[in-house]
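Note that chain A is present in both complexes that follow, paired respectively with chain B and with chain C.
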Partner chain A sequence: MLIPAFLFAMFAGIAIGCSLGVIFHRNPVHCALLLVGVLLSVSGLFILLNASFLAALQVLVYAGAIMVLFLFVLMLLNLKGENPLLTRGAAKGFGILFAIVVFVELLWTVLSPQMEGGMAASPTVPTGFGSPAAIGRVLYTVWLYPFEITSILLLIAVIGAVVLAKRKFG
Partner chain B sequence: MDTAFLIESAIKVHIVLGFVLLVVPYIVWMERKVLGHMQDRIGPERVGPFGLLQTIADGIKLFMKEDLVPAQADKVVFIIAPGITVVTALIAATVIPWGDTVELFGRTVALHVADVNVALLFVLATTSMGVYGIVLGGWASNSKYSLLGGLRSSAQMISYELAQGISLVSVVLLAGTLSLAEIGRQQAHLWYVVPQFFGFLIYVISGVAETNRAPFDLPEAETELVAGFHTEYSSMKWAFYFLGEYANMMVVAGVAITVFLGGWQGPVLPPVVWFLVKLTAFLFFFIWLRATFPRLRYDQLMAFGWKVLLPAAILNLVVTAVVVALW
Partner chain C sequence: MTPAPTVPLVCYQILAAILFTIGVVGVLVRRSALIIFMSIELMLNAVNLSFVAFSRQHASMDGHIFVFFVMAVAAAEVAVGLAILVAIFRNRDTANVDDVRLLRG
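Our next item is the complex of A and B:
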């Protein structure tokens, strides 16, 4: 029981520390790297929750592919210690509003009675929980429509990217 | 988590990591010898019998070299980057099975360090992290050639990762599991290279591209980029990139053997020996490729990855899926 608690504290601590670094660091490339640190420690938390499939996908897709493309763009632009883009009043106000909404939402979820019951009695994990087969079954039955709508959204994004890249400027 | 399990894991970690690190000098020696003979030369022969100690001497020389960090470099990232390459390769090596379970001292011991039920995804995930070592090294050096090398490698590795992953998915469809040990066990009678020959071809081609080896060694391309991402690296930091490349070769070869070439299975010889024989043969194949093919041009490389290899991999996956569904 001690080792999982220690691991949780470690991953959670790294995640929080890296998240703060993402916000406060001046160099965009360092920020991107700290974001990779956040993603990796969150995937560690997934493993502690018996969701090793999700953890592997998190590293493979987010940390291994999407963040590399982020870095690719940041390095090409070679921004070093740029001034923050959104400092004007309206943008700042929107950011604060958004943060408050997310915070209230999370607080509401944590304090809901359903959650309290879950924390009191540590639930037993059903066999096969978090396995690729179990996730696939749920994804293609219960969540079929959201899943297909997401894939159409992604297709639209791909077509949009191709159209933008092919457009002749000037 | 009982104490015996912890001790067993610790021993296995030491064996696997020690093996990978100790065997790299001999792979380098093999590469130089084989390349030499393929080019009608002799290769290293002065230090030790058959030049066997040549790479050890080179290693000692690298330890003694001055360690330079460019003045305008991003120091922290510059120092971390080579480590990332080595560490990700070593982590990936822990899930590759060397054999089936054996009985040792009254315990059932599996011949791989970590028993992960999504081992195949685990390998892909850790090797996809390996690209950071090269990209960051190229960026942190603050040199044009290094940056170009780093950018090339990020584009190349992401492109070929897709084809690699999809070619492995075809085998997963046949095997019905993501566990490397289980996939290896299923090939007692038929290696997956027989039903999945095209998958194997696609995996090997993208595997060579993933490890940045000739004919896909564009991130370093000494004739145009002056060694690319590691131009500014010297001493042991440079040696770490070298070490990482060879450790990555072993991981790619280990996965290919386990998934397509029957893993540790084979007649007469014991399982671990079979695994090592196949590993050596595969590494020889890597060296053979390097001696045979000239380097591709960069646009050819990207066109080949996206317009030939990826569609071929998807087609292979669709055909496999249809066959599995109808059977």
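Our next item is the complex of A and C:
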């Protein structure tokens, strides 16, 4: 079966291309739309990894809610394109150097022989792996308390956002 | 039983590493606070991809649960972060991180 390999290559290419566009494009609206491209292709990769529920959640929460919030703030602020695009002087060179170090370190970790079953074929998973039923079964038993605490976190975030956006500082 | 994927899972990890690095570059190099936020979302997505790939490799649902929580925290982070951004823009008329340097001395 070559179709999964082809789909992986396609989604990976779209994700890398769009994410490069996100960080190097001048217009913030284009950056946001390219970020939607990254999120959708990551959602496609989730489906290839048998995580169908998370793929749906990725589209709904990330590409839907979060990106709409981004675009809404973009329209609200009406930012001009940055000029110059990148940060000044030493920070730029140091930033790229640091990023290269991070990348080499990540690759070294991923490709190290200690990684369990790195190149080996992955095990088969039972039917229903990654389905809403399977997620719910684990989420509402083992992870019940973290799940409830998440609701409090979201409530705090909503209140905090309202307070921050309302008040006049200084 | 679902058949094993033909793409080795290490490819997903390498892709996640590439996406994470692009996010790091975005955070360190760009000047607009909004683009920095987007780069953080990029990094969170790379980590999510890594989690799901490891979850598939171990045939365990725990990675999926972690991705679920990461998404919830990302939503909260974006709501608060964008509110802070709006507040900064309202006061200083800029979203440029190089111009907001009150704490830099």
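As a convention for this text, the second predicted complex is superposed on the first by the 126 of 170 C-alpha atoms of A that agree within 3 Å, B and C clash if a C-alpha of one lies under 4 Å from a C-alpha of the other, contacts with A are read in each partner's own complex, and residues count from 1 in each chain.
The criterion applied here is as follows: a residue touches a chain if its C-beta (ideal position, glycine included) is under 8 Å from a C-beta of that chain, and two chains touch if they have at least 3 such contacts.
As the structure is a prediction and not an experimental result, all values here were calculated from the model.
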Which superposed partner A:Pro132 touches (first chain B, second chain C, both, neither): first
Chain C versus chain B, contacts on chain A by residue: C
Contacts of A:Leu77 with chain B and chain C, given as first, second, both or neither: second
Contacts of A:Phe53 with chain B and chain C, given as first, second, both or neither: both
Partner chain(s) touched by A:Ala63 [first = chain B, second = chain C, both, neither]: first
Residues of chain A that lie at the interface with chain B and also at the interface with chain C: 53, 57, 65, 69, 76
Partner chain A, residues of chain B touching it in the complex: 1, 74, 77, 116-118, 121-122, 124-126, 128-129, 131-132, 135-136, 139, 147, 150-151, 154-155, 157-158, 161, 165, 178
Touching residues on chain A, where the partner in the complex is chain B: 3, 27, 29-30, 33, 36, 52-53, 56-57, 59-60, 63-65, 68-69, 71-72, 75-76, 131-132
Chain A contact footprint on chain C (complex, rising order): 1-15, 17-26, 28-32, 34-35, 37-39, 41-42, 45, 48-49, 52-53, 55-59, 61-62, 64-65, 67-69, 71-80, 82-87, 89-91, 95-98
Of chain A, residues touching chain C in the complex: 1-2, 4-5, 8, 12, 15-16, 19-20, 22-23, 28, 31-32, 35, 38-39, 42, 45-46, 48-51, 53-54, 57-58, 61-62, 65-66, 69-70, 73-74, 76-77, 79, 82, 84-88, 91-92, 94-96, 98-100, 102-103, 106-107, 110-111, 115-127, 129-130, 134-135, 138-139, 142-143, 146, 150, 153-154, 156-158, 160-162, 164-165, 167-170
